[in-house]
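So, here's a batch of structures to check.
Shared between the two complexes below is chain A, which has chain B as its partner in the first and chain C in the second.
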Partner chain A sequence: MSYDIQTWIKVAAFSGGGMAMGFGAIGAAIGEGHTAACANAAISRNTKLSGDIFKAMLVGQAIAESSSIFALVIAMMLLFTKFPAHVLTVPVLFGAGLCMGLGAIGAGVGAGYPAGSCCTGMARQPAMSGRLSTNMLIGSAVCQTPAIFSLVVSFILLFTDFSKSPVSPTWAAILGAGIASGFGAIGSGLGGGLVAEASCDGISRQPETTTQVTNVMLLGQAVTQTTAIYALLVSFILMFKTFPATHLLAPPMALLSAGICMGIGAIGPAIGEGFAGQSAVAWIARNQKQVADLTRVMLVGQAVAESTGIYSLVIALILIFVV
Partner chain B sequence: MEDLGKIHQLIIHIFGQDFTFNIESMIMTWIVIISLLIFGYLAARKRNIIPNLLQVVGEMIIRIFYDLTEDALGEELGKKYAPMICGLFMFLFLCNWLGIFPHLEEPTKDLNTPLSYGIMGFILAHHAGIKAKGLKTYLKDYCEPMFIMAPLNVIGELAKVISISFRLFGNIMGGSIIILVVSYLTFNLVTPPFLNAFFGAFVGTIQAFVFTMLTLVYIAVQVA
Partner chain C sequence: MADPITGADIVRAAAYIGAGISMGFGAIGPGVGEGITASKACEAIGKNPKEAGLLTRTMLVGQAVAESTGIYSLVIALLLLFVV
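Here is the complex of A and B:
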């Protein structure tokens, strides 16, 4: 039984759209639930502030939800846009859906953490409500960066004209690009959330350290995102490098494996770096005089935790350029 | 939608070689440089004990970055590197904000711009490291914990350049692609100002700050 190309494109669009929204719904829901739980605890601790805490909860949840909305946008585009009838459109639609769906998981969960600890912090230290909200906004906006990378890769996949590329290795490169950025965003979103959570906690504990805590939080989050950036780099190489046409199976598999290697390899280091940043920020709030030492230990520790991510990057680059 | 991620280039053939110039990024970079020079001139022109508005802004930026640099590098080295750190932030900040204005593009959207500043930071950091520790200790640090790990340590240092420049590039280019696509999908109704405020102003400021802080921290880690 054989199907024409239009049928395959429809199959890819439907399954891609389903995966985008299905995976994309996981993270934001968990994050929002965490925020609501923290808000409840905060309100019962400080009943007078229930209005402010409720507002902070809603704002935090709205930010946590944005990664899910990115997934919704991609899913709608896959379902309702008309795509060119070409063989490579099939992996493009599938890859774009997978990329955005997986990419939304980490950022959704991550953005829920600072929102929750912002609510708890407001109950503990009502005078710092303004600074806490600002810090929460910055922290959770930076958490969204990996999801934005996934969204960008999905958009580039959907709007780039692949029709002149040879079908055989390019299908694997497209799928690999989607998988790399999709999986690669999970850990970084989550890790960035852990750092931001500790920073909101720290500000409410020791308001004088606000500036230092926010600065170190930004640094910690930036380093946490490094492996997601490696994944983005691998995706870009896979999308924009022109590969020679081949009828063998090995070269496409090397490209696909490069994407899988970098994507999955980026999850662990990012979460580990998140732990390092979380602890550093939490202890800066308790021990203000040791900011320089704590920051240095955090950075060196994160660099060591990142080494497995660098191994993945090396293997992915070898798979693309050497094999 | 065809100009998604495209950069205008001028290719010149001289002596049998192709020289590629990214005209748009170059013009935009010059706009940023000239506006910063004008800002500096105006802010410092009528220095007074009762400062005018521009002087207040200038003093605030300089104070913040001198404090940050001295915290990270110590009193002596801090004074040396602070002007560079301060200038780097003001340049990147204005670069990232440039996209908000119609018909202007962020120079940081072109990978070459962040990459050159990443390489600049890399060279500065390692120069400072060699100067502070001496060449022998500097080279010895690569062989930690074992001699076999040296190649991976070198790759780790080079990966820092990639991560710092792709972080800025990915955020700014990603923002501009999202603004383009979403504005196209909503027929340019309502959404563009909000998207520009978030991706241009907010994310642009944070990323300029992060880039500057990371450059500073790379220097501090090498010196320590």
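Here is the complex of A and C:
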């Protein structure tokens, strides 16, 4: 079969662009739908506040939308940019699309949760509208960080010159980097959203606990972001380390496998840590005196849930550096 | 380009991919399960703060059991990388 390299670059660019926008549209749509549903329920409960709730809904949805806009930007770049005619451009385009598409899922869904509970909370406690909106903005912004990691990895992939690297293991390192940051962002976005949802809910039920609730929310969210950071670390190593050329099949497979291992391994711990943070924040709002105990148990529980993420990181690093 | 790929090479490549899949997918369940345990422990301590010690201990034991499948995944991944 004869083909020229431009054909394969086009194939990769179009399928990568399709994946970026296809996967990237899932999360934001679910998150915004959840926000709109909560806003409707809230307006029916407190019709007089419909203007404020409507505004909060739009702001929350705008944040949830941002991850999807990142995906749109990457998809447009893949469709309309002229890329260098090199074999490694093919995995670069494919990896960048996959990375941004998957990376937008968690952040979109996650940012929808706090926006929804902010609308519900405004109907319940109109006096706290200002604090609720602030808390929702902080919480949703943290949910976007994994999508931003994915965007960064996609951009680095698209703008790095790989033409001097050996084709054989580098193609797998590029794909692995995209897979790691793409899958790795799903859990962290979702987990951070669960924590932020509980904090908006808590502030609207017990306004006097606002400071503590926001602080513990940020602590809990920070822990949920750790696995996305491991995934980012693995992506950076895969993109920036130079690997010796090889004819064999095993070395590229080890690098691809490192990306799969870290990316998929990051999903579960982050969601679990999100559950732990959600409950801790909800109960700190209801039982303010127990803030020390609850924060401690949350952190211990999250640390245990983190362990499998760390195992994944270890296996990924062994695959890159040892075998 | 000559085809230098041998059977042993394919087997090693499969072992590496298997190790990554084993640890990657194997990490999902324990992470989520342990998170749910921690979530319920926080809830229980919120409702009944006097039993915080007992509840924390129960949470840790439960999580340790949930962790076991993650450790199996780790062991299988390490076996695939270094033994078989």
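Basically, the second predicted complex is superposed on the first by the 323 of 323 C-alpha atoms of A that agree within 3 Å, B and C clash if a C-alpha of one lies under 4 Å from a C-alpha of the other, contacts with A are read in each partner's own complex, and residues count from 1 in each chain.
Here, contacts are C-beta pairs under 8 Å (C-beta built on N, C-alpha and C of every residue); 3 or more make two chains touch, one makes a residue touch a chain.
Everything quoted here is computed from the prediction, not taken from an experiment.
Participant: Applying the document's definition of touch, where does A:Gly301 land relative to chain B and chain C: first, second, both, or neither?
Facilitator: second
Participant: Where does A:Ile138 make contact in the superposed view: on chain B (first), on chain C (second), on both, or on neither?
Facilitator: After superposing on A, A:Ile138 lies in contact with chain B but is clear of chain C.
Participant: Is A:Ser279 touching anything from chain B or chain C once the two structures are fitted on A? First, second, both or neither.
Facilitator: second
Participant: Is chain A touched at more residues by chain B or by chain C?
Facilitator: In the superposed model, C touches more residues of chain A.
Participant: Using the superposition on chain A described above, determine whether A:Gln290 touches chain B (first), chain C (second), both, or neither.
Facilitator: A:Gln290 contacts chain C only, not chain B.
Participant: Regarding the shared-chain residue A:Pro269, is it in contact with chain B (first), chain C (second), both, or neither?
Facilitator: Second partner only, chain C.
Participant: Per the contact definition in the header, classify A:Ile156: touching chain B only (first), chain C only (second), both, or neither.
Facilitator: The answer is first: A:Ile156 touches chain B but not chain C.
Participant: On chain A, which stretch or stretches are contacted by chain B in one complex as well as by chain C in the other?
Facilitator: In chain A, residues 300, 306-307, 311, 314 are touched by chain B and also by chain C.
Participant: Touching residues of chain A toward chain C in the complex: what are they?
Facilitator: 187, 191, 247-250, 252-254, 256-276, 278-280, 282-284, 286-287, 289-290, 293-294, 297-298, 300-302, 304-309, 311-312, 314-316, 318-319, 322-323
Participant: Provide the residue numbers of chain C that touch chain A in the complex, in ascending order.
Facilitator: 4-5, 9-10, 12-14, 16-17, 19-21, 23-43, 45-47, 49, 52, 55-56, 59-60, 63-64, 67, 70-71, 73-74, 77-78, 81-82
Participant: If you look only at chain B, which of its residues touch chain A in the complex?
Facilitator: The touching residues are 1, 4-5, 68, 71-72, 152, 155-156, 159, 162-163, 166-167, 170-171, 173-175, 177-178, 181-182, 185, 198, 202-203, 206, 209-210, 213-214, 217, 220-221, 224.
Participant: Provide the residue numbers of chain A that touch chain B in the complex, in ascending order.
Facilitator: 73, 77, 138, 141-142, 145, 148-149, 151-152, 155-156, 159-160, 215, 218-219, 222-223, 225-226, 229-230, 232-233, 291-292, 295-296, 299-300, 303, 306-307, 310-311, 313-314
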